[in-house]
């Protein structure tokens, strides 16, 4: 009956549905539809695939192509009109849910000196990775933080938050990462505007980092019962130093190089319940082997340049470029320099996969671990 | 520009996006689209709703209307062709993802005496609630179990499983509940057919219940490291007795009556990582107050009759009828009898909501806690 | 220098301390003593033994020898004078810390009809195992429970508790088990008398069992944040039935027969933080193999008769007799009947050993797993 | 009958045992003793005290008085004879169990250049705090670490370990802290000598610190299933920097000043199951208020000088002096300098107290929070 018959998902495999359409059956299917029902065998092979088949596609967004558009937003709309001036990244396979990959949203936000956004909170968890400019700050539940290039910052679900740039700063851009699409998919998204639009600074500047950002030490009297990290800002310098130190004592992962996860120092686990983040260093000339994981990843190059091969597609990147790795898709990374290391920041939904017992990983065994390129 | 302009989600609220389309802006939006990007303020109010707005609708499937169709499947297709003869329930708002509500699949399966399905396993978690007939059995990783009316059975993710009806049994029907749509949405679904099509019985019949189904006692030497319950079958008689015993010492919940959760005896938590199940008893004449929860529910009436009001819609039910409560939708339950108790079985995705920190519940405060009916 | 020189723990093993006393060294030792110090090598082999060498000895207390003394207490002292009329069991090796074995206290309490003890609470955790009589009750934080033969009851640390026998009851005896010696050893024991001497009954009688004593079901709305079980009474009938059911599907343990742990239904773990309890059934004629565990055990025979071999000593027991198994001591159990099963109740400190990562178990490999008897 | 009668623990308080000896009762007590039993009311008030009454006494060991004795051990015994050349600290109230306080052992170990101790392992957990000298190292399960002044190092239970000083080093001393007395009290202590006496170096030097000692970052691919910290060495410099940074954003604790716990970065919890450790900074001139805790503490002054008042006794200390705080004893700390901060290292058994649910803390409310001194 062709590709839109009821039998278009048939498979000739024992244990799989394999029912040809007949007039009697099609009548039966129509009867079921009238009852808001259907015959499982007409869709079983579609909804029970042999392995995940994502709708997301591998793609890179070059910052030099986007930057001009992002800055144009400064002139086109005011913060009062727009709420936030953000250019979001739309995966061609996930435009309907406004996702960069899987159920993860990402955008590039821009703010000028002296601007500040209104405070609000939501069920969605958010993170930021600072790209350009000086003087940016954020205030999360009264904890005000100064933000510099390559700093990684949390605004966890349920926290009041507002961002801004100081009067003596410059135009700033940063990458936003959120699980908005997932919260909507799960029918679990709530939103509130702060009753006073702006919240107060309730603690010494950068107190969260001074209190919780010390290696293997924690304040003895502090209690913490939230599900997210009490450490809200992870600065670039100690992160890069940590990778260099780690590089001296380990080979690293064949698939991911020198790969470290940002953690909640209170638990040793991921910084938020639904999103994790990592920084990985590729040694000069390193070309990692391919593997695939259940989970979706948004990458930003933090240092250096190179390319990744994702699902057989080559994605070239340099500092500030953003690219994605969809779930269960082969990927490998290449540092383009023989002299400098390259660093890739990423955020992902592995905490969701692990919380639900769904995480898997598999290395490519053919071709010495390298994917053949697919003609685009 | 009307309902399909870029400005169709504008809200006149401080802190929300409120940007009118202009020719210059529309040009800008087109430029962004060419870069696989967009302006957040054109969609912000849509993707950050004030509260969840589910696509699922409240609906009841009456068993006396479906039963004939279900039995007809016995004649129309063989188990070999169909894999399983199941009529699935399609929520009008979720037909695209084959869900009964939210990301939960449900169907009614039928099997004749002497039939047995081929063994397989998948990432999706499954459960069964036995509706009709005698002689049904299931085999989960070698643990063979006999199944009777209103028994609740697990076939957790990753377990080999097969179902059948003994030669001396009768035609049997049961409700299947699975998280197939969620597994697909998360790009995490894997499927395998058992290499020998049929698995062996590796333990004494019903050993799981004899070993783990004892109140507040567990085998001293047994270790268990799986993420699902070692108890695979929860029988109806002790469940009903438990509710009767509980009824003698408690008022119960104003929203849910005498409400008990099936648990994993190894942890006291939900039986599987992604789905939970409950049985609740309504006393004769009881009319509970309305509340709403983040989470999706599929109900089956196990005993008695009555109706529920879900999102302002009255859904009448009697034994074997199935209905759903979508996420964050007001619901209240009414026992139609003044003399007999009524029992409602349900399964739901609260373990997902709790694992991700998203669960909320709220009682209706107006109108003494009862919803006004909405004209259909 | 003989057995009381400083060198009396010398061992001729490489890596162990092996320093002979000399005049110069003894002077040195005296100098250190004056500074509240000492030389480690004079005691190292003593405080770092090759394996645990307990001071507790295996011993059985025959109820027919103790019962008369216990009942005599009814006449000798009033409850007001004595607080509680209890005969405690003193292990010959642990009389200094009033322990039956290790750091576990046990006693036999007696109460006459119409008597009730005053309410109090303490850091020590307590449990009871009912031996004789009818009409006994206990009230734990307002939860009043009726107690019958072989029922196992908790009075966890920090709970107000009082015991009594109803007017129409008979003289009752029960075994008390507490971790009083451990609490004292850890400098952690607190005690309070109830400000009103008697506490109120705050819930329906036996509500804890009706609410939490149902197999693999828990009240859906109840929250529980205490570190002990919300189920306070474990009745004998369902326990015995569970063992019979379990016996039909398992061989059981070669060392412990049909062995089940009482658990906290809220967690699946031990009922209290510092003490666990078990019931085990020996089939007619069963003679288990010897093993040893890090942990101390107090046993009471609940049904039948037989003997145990503990540290090479034969301990004969019948219903109501109490015996102990010290830590890391070989033990095996023998049912004396070829026709009836025998049941042994026990409580122990395994939760402490497990919480601190110290639990070990080892089966005897020589002599087909049976200990040679040691002449007493 | 005087202080050694059976009634010497009587209390005239309702709810407490208050039975005077009589000839008949004393006969009864003798009868019970013959049965390895006793009457609870003769000991109840002793074994159920109103609050903990520790046998440990507050005491300080001045390093300038001990140092000469410690160094003398270098000449008096060889490492081969002594195993380790250690002077242990004996609390006057706990000499029988070789404890410095409660169930905690502490000693001062000395080693000369080129010496190395034989490798062994035990159930007891151990830690070291480096006092003097250069070139010390330790090897824990193949992880060799270089040790400097004020570094804190773990040798967790069950790990093979050996210590030494390099040929080009100087005489080194360090404080050992162990839970040996607790392991013996719990009948849980095992000991083994390494089959080859010396173990190999299996990893790059100091790899544990490079891998796990980075703030809020952990190696992405590493798994860890041990109950102790994968970070084995906590260096002094970053610890002191952390305290300085923390001091800029907090008042600190009124009882403990700027007080940080060393943690297991894999869990955020204590570094070992049975012992924790802390470093606290007292600001110039700071005099903390008194509080008391369930738990025993061994302190060493790491920087500066001052005194503590423990149980009403003044204990003066300067760098390298060691003192103890027994369980549930009031204590307060005073920095003797108005210009320099002072730092106190401590280790303690709070992880045991917390694991068993026994931790309590209470601030002194009288006298503005300061203890009156008790004449010695």
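Order as written gives the chain letters A, B, C and D; numbering starts at 1 within each chain.
Convention: contacts are C-beta pairs under 8 Å (C-beta built on N, C-alpha and C of every residue); 3 or more make two chains touch, one makes a residue touch a chain.
Here's who's who by UniProt: A, B, C, D = Gentisate 1,2-dioxygenase.
Just so we're clear, the structure is a prediction, and the values are computed from it rather than from any experiment.
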Least hop count linking chain A to chain C through chains in contact: 2
Between C-D and B-C, name the chain pair that shares the greater number of C-beta pairs in contact. C-D
Farthest chain (mean CA position) relative to chain B: D
Quick check: how many Å separate the C-alpha centres of chain B and chain D? 53
Express in whole angstrom the distance between the two chain centres, defined as the mean CA positions of chain B and chain C. 44
How many angstrom lie between the centres of chain C and chain D, each centre taken as the mean Cα position? 29
Any chance you could list the residues of chain D touching two or more other chains? none
Looking at which chains touch which, would you call it a line, ring, star, complete or other? ring
Which pairs of chains touch, using the document's own definition: A-B, A-D, B-C, C-D
Can you check the complex and tell me which residues of chain C touch chain B? 203-204, 206-207, 210-221, 229, 231, 234, 238-239, 241-242, 245-246, 248-250, 253, 256, 259-268, 278-280
Going by the contact rule set out above, which residues of chain A touch chain B in the complex? 13-19, 24-25, 28, 31-33, 35-41, 43-44, 47-54, 56, 59, 61, 65-66, 69, 72-73, 76-77, 80-92, 98, 102-103, 105, 107, 118, 120, 122-124, 157, 180-181, 183-194, 197, 227, 273-274, 294, 296, 326-328, 352-353, 355-358, 360
